[in-house]
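My questions all concern the structure below.
Just so it is clear, A, B, C, D, E and F label the chains in written order, and each chain counts residues from 1 on its own.
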Amino acid sequence: MKGHPPERSIHVPLVVQNTPRTALEVVDGLAAAGVATVHEAQGRTGLLRSGIRPIFRPARVAGNALTCEVAPGDNWSIHIAVEQARPGDLLVVTPTSPCDDGYVGDLLAGSLRAHGVRGVVIDAGVRDVAALTEMGFPVWSKAISAKGTVKETPGNVQTPIVCAGVYIRPAAAVLEAALKREASEASRRPRLTGGELGLDIYDMRGRLADRGVRYVEFPESP
Amino acid sequence: MKGHPPERSIHVPLVVQNTPRTALEVVDGLAAAGVATVHEAQGRTGLLRSGIRPIFRPARVAGNALTCEVAPGDNWSIHIAVEQARPGDLLVVTPTSPCDDGYVGDLLAGSLRAHGVRGVVIDAGVRDVAALTEMGFPVWSKAISAKGTVKETPGNVQTPIVCAGVYIRPAAAVLEAALKREASEASRRPRLTGGELGLDIYDMRGRLADRGVRYVEFPESP
Amino acid sequence: MKGHPPERSIHVPLVVQNTPRTALEVVDGLAAAGVATVHEAQGRTGLLRSGIRPIFRPARVAGNALTCEVAPGDNWSIHIAVEQARPGDLLVVTPTSPCDDGYVGDLLAGSLRAHGVRGVVIDAGVRDVAALTEMGFPVWSKAISAKGTVKETPGNVQTPIVCAGVYIRPAAAVLEAALKREASEASRRPRLTGGELGLDIYDMRGRLADRGVRYVEFPESP
Amino acid sequence: MKGHPPERSIHVPLVVQNTPRTALEVVDGLAAAGVATVHEAQGRTGLLRSGIRPIFRPARVAGNALTCEVAPGDNWSIHIAVEQARPGDLLVVTPTSPCDDGYVGDLLAGSLRAHGVRGVVIDAGVRDVAALTEMGFPVWSKAISAKGTVKETPGNVQTPIVCAGVYIRPAAAVLEAALKREASEASRRPRLTGGELGLDIYDMRGRLADRGVRYVEFPESP
Amino acid sequence: MKGHPPERSIHVPLVVQNTPRTALEVVDGLAAAGVATVHEAQGRTGLLRSGIRPIFRPARVAGNALTCEVAPGDNWSIHIAVEQARPGDLLVVTPTSPCDDGYVGDLLAGSLRAHGVRGVVIDAGVRDVAALTEMGFPVWSKAISAKGTVKETPGNVQTPIVCAGVYIRPAAAVLEAALKREASEASRRPRLTGGELGLDIYDMRGRLADRGVRYVEFPESP
Amino acid sequence: MKGHPPERSIHVPLVVQNTPRTALEVVDGLAAAGVATVHEAQGRTGLLRSGIRPIFRPARVAGNALTCEVAPGDNWSIHIAVEQARPGDLLVVTPTSPCDDGYVGDLLAGSLRAHGVRGVVIDAGVRDVAALTEMGFPVWSKAISAKGTVKETPGNVQTPIVCAGVYIRPAAAVLEAALKREASEASRRPRLTGGELGLDIYDMRGRLADRGVRYVEFPESP
């Protein structure tokens, strides 16, 4: 098929419209519970790779995932995603190949915020971090880079994606478990800061003996 | 709940039994088509991160994914997976946290082969690579490490996982597209090795002009 | 040649004196324009690899490049460079092999500032960052390390170098293009924060159709 | 030996009790001297790999090393270490395989502080950094990760370890050398900030000639 | 300028035609001398970053650099470069942002060879390495990846580039120095394999004393 | 102290002579046992970081450690170490700062072999790997780089060092444990390759129940 590289004919980008959202009171409840708690509550899953860092600290956000695949060095589909945004969304961006370019800058962040997007999680780079920090617009990214992007290759919007090692899909039912766990953590805090040992609180002494741990006096050589 | 750290009560490992497999003639057809072709045929998706390397080359395999999550430094669930294996399976292992330890050695490889498993893809480490190479047992891994693992924390077996950036699930329909694409590649090969330019075969000259590419003679300074 | 390892006789370090500088009003104009803008204005070139990070934020500086090659773990040529410095210079340091050692500390920073140097860009490590932050002396580096350096192997000073993937040479003509681009960005800002879509502002809808992007309603499965 | 994987029978974890500490006045003297100075004073040894970063800056601490080996993804032995802590200790943690999980969070930090521990150095991950920052509890780590850990595999406590490339053992005698060096640095500071060249202060001109460094005038081409 | 993202209007790709080449007898002489020797002979410069690895070993090639900048995930300009190739050229490719995609596969390699290109050096990924190895077509790359590329964004061809940390430009005069150094290495080989010490051959004993190296007998504690 | 940078006066390199060696029959017994076995036998310690790779495979060696610290980019102390070598030694080299330069090439390897050294382990780079492979001289390194080194800064020889995360010191008593473990592995091999499950051989079924692992039938959704 002369004139059309065969690559192009096969992968037609897809934009899924009107995906249902989780109610914002549920989403906000998760934000209040905190990431470590939510992670434990949903069976220790859903945590992004640790290389994804906030551009400023402290930062905490929860939202309905508005997903977006971008070609390396190309942010066209983020512009497509803006049109699909709903208030309370959190833009989640993954490149089809690893790329550190700065996909989102202050202009695009302003546009996202104007459409109700609360923040961005991107397994790639972001730019203009001084301006984004001033705006108080939270972004978690793999890199910071002033390198801009082109708009030549659109990608899927609002399809399931893998971002930073996690398969991203909507979620609501974990809130109850998260709250239960948070209460349990709170009850242990005064005991630990009062000097009580975790070995006792978690009753680990019997299991230490099971493991054959040997206590010796200095200077017995190891 | 004294005596039981709360982490344990929440994430109960799951072993899904008797997952249906794709017929091996389909799987073998994909193997013959080659990874680049299959990747293009399924819409440029499904390719593992490039850091996953074979322990010997050349190596080519296709199989039904037998999935397995392992705790860092712990290969217990691989032993669980062996029992779930069917001939033609390909063991796909992902750690719940990044880990380079050697999860699979020659003993475990012998056990896997005895149960019909064709090879291993693991986003972690492997050991005894000299022995595995001699056995002709193909493994793609992120690392090679003689560091062995314990058997204390089991994980999920045969549930959907993310391995090396890809969400792993069974797949069959891409074979026809793969074969079509392969035929198209084959037809271009003699033209390219005969010296015909890709610029002409793919009819890219008009698009070059569209992009404003400027041809100059040396020594016009760039 | 007994007594002299042959390596030494071949690479004689070079110190180029009195290199002409760009007028500081031009340099300062570039600083005001910002790095993303300057990068675009000079044809998307000249941007350092994204791993080069500032030791404090926000930090913005522009200067005439005072270049310097250092041996791994050896900062002798930085001392040579101090003598070549002119007010408004920006010290740009590259190691001849990758090295994370702390080449510049607060003493050397004080010396650089005393000679008019505005800051340091180094594709290696820096130390004493608490003191440098207090001084307000901006440094962009690849690493932070308390590991000091020796003074045994001098390197070239004020010769062209590659630092963080960029060939470093003086530049002035990009200012006009940078200002033009900045004005264009400014004019789009209120439209984007007002909620107008980038798809419309950049007139990308026709090109979306050209690319065959398909809009579907949820829950059409992708 | 049915029922007992052979790995377990061999490596019995060891907890060494009542290890003597260095007097806190010596330890505090080292803290005052600063890390670069202490490093030089003890013969340029003992510096951790530069990838170990503080969770907040500025942060400075010195203490008697309370050492601890942890299995990947498992913080049991940190709980064991808490019981061995003495006021003025600095917890130093190394995983038996590289791991970025969050071994220490705000609860465990509260427990450590209640037992007199001044901070943590860990060649792995830490979590709850916002809370730790608020507490002013200093931690140097290789990673930040909300990923929690299990308590299945105990490790050695208070044995010599390698952490971030350094063999960790108690140390006292370097204080005098550290103070001497610090005085020498202080005496050079006003000369350098006054514009005197390091080339002169360190008398490096003769050695420059020895090395054959060639000074040329611009525009002699290099 | 509606309809044209401003990025595009500024960086017009450039193709420099008919760049003069170095005579192939000179180039071949350098190939014979070997990379370490040539590197020393040209003043310890011009060596690519060590992460650039051959896809098969042993492999040795020299050629006139045919340079090429590619956008991330886009190999269009390699097709442009094929048309500019001359027998004896070595294609040197650098991405404008780091990218591990497989820019060159067996089809494109066949096309390059048909135009006289001897091999490829690419600071990015390559695919079909089994086929390239069979062809005996040498490639040095940063990554191996089956991930294909698009043809949307052309880049500069035959302009100076930075590839793997080195500024690439034609070179001829180093041959004589390379041969001289190689002869010197050859003369030392029998002395070293005969057991003579480098300390004596390079006359380093006096310099050892200068450095204050202290020889002690075991078991004097260090 | 004019004329002597203060760094130099403090760290005087040390060369420890006539360190006792372990008998070669013990060393050779360990080589026969294999690295994974020896690692387990000595309590799962002593394994180098997995990034240390052999330049050819298969390669297996054991020897008395001849230790050597090198400055970054400087191989002087390797020449010092050659003089201290005894037949059966294995040269173990660690840089004082991370460095990928090629510290050892074919000339130095010839010299090492002439003095009885069996191979090299280096947490840095090596060069001339094609020649070293032809010689059959085994080297495990972190990098391969043609970048040569200077001879300006000597370091310690035959003192305890940390190489690739391990504290290196002589060792002999682990042989008996290693042999016992190897016999145990050998006895399990036919059972595993015969299809018997590790779950049964290691009697892990009761512990699976303890952990609450749940077996379900497809298609119960996880």
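Assume a contact is a pair of C-beta atoms (placed from the backbone, for glycine too) under 8 Å apart; a residue touches a chain by one contact, two chains touch by 3 or more.
This one's a predicted model, so the numbers in the text were calculated from it and none came from an experiment.
Novice: Spelling it out: a chain qualifies if it touches subunit A and also touches subunit D; which chains qualify?
Specialist: For subunit A paired with subunit D, the chains in contact with each are B, C, in label order.
Novice: Need the CA-centroid distance for the pair subunit C / subunit D, whole Å please.
Specialist: From the centre of subunit C to the centre of subunit D is 30 Å.
Novice: What is the distance in Å between the mean C-alpha positions of subunit A and subunit E?
Specialist: Measuring from centre to centre gives 38 Å for this pair.
Novice: Could you list the positions in subunit D whose residues touch two or more of the other chains?
Specialist: As it turns out, subunit D has residues touching two or more other chains at 5, 7-8, 12, 40, 44, 96, 98, 100, 145, 147-148, 151, 153, 160, 202, 204.
Novice: If each chain is a node and each touching pair an edge, is that a line, ring, star, complete or other?
Specialist: other
Novice: All pairs of touching chains?
Specialist: So, checking each combination of chains, I get A-B, A-C, A-D, A-E, B-D, B-E, B-F, C-D, C-E, C-F, D-F, E-F as the touching pairs.
Novice: Touching residues of subunit D toward subunit C in the complex: what are they?
Specialist: Within the complex, subunit D touches subunit C at residues 35-36, 39-40, 44, 47, 50, 53, 57-58, 60, 185, 188-189, 192-199, 202, 204, 207-208, 211-218, 220, 222.
Novice: Okay, in this complex, where on subunit B does subunit A touch?
Specialist: The touching residues are 2-7, 10-12, 40-41, 43-45, 49, 96, 98, 160, 162, 165-167, 177, 181, 184, 202-204, 206.
Novice: Can you tell me which positions in subunit B touch subunit D when the two form their complex?
Specialist: Listed in rising order, the residues of subunit B that touch subunit D are 5, 7-8, 71-74, 96-101, 145, 147-148, 150-153.
Novice: Help me check something: in the complex, which residues belonging to subunit C touch subunit D?
Specialist: Those in contact with subunit D are residues 8, 12-20, 76, 79-80, 82-83, 100, 102, 105, 107-108, 110-111, 113-115, 125, 127-130, 133, 143-148, 151, 153-154, 156, 158-160.
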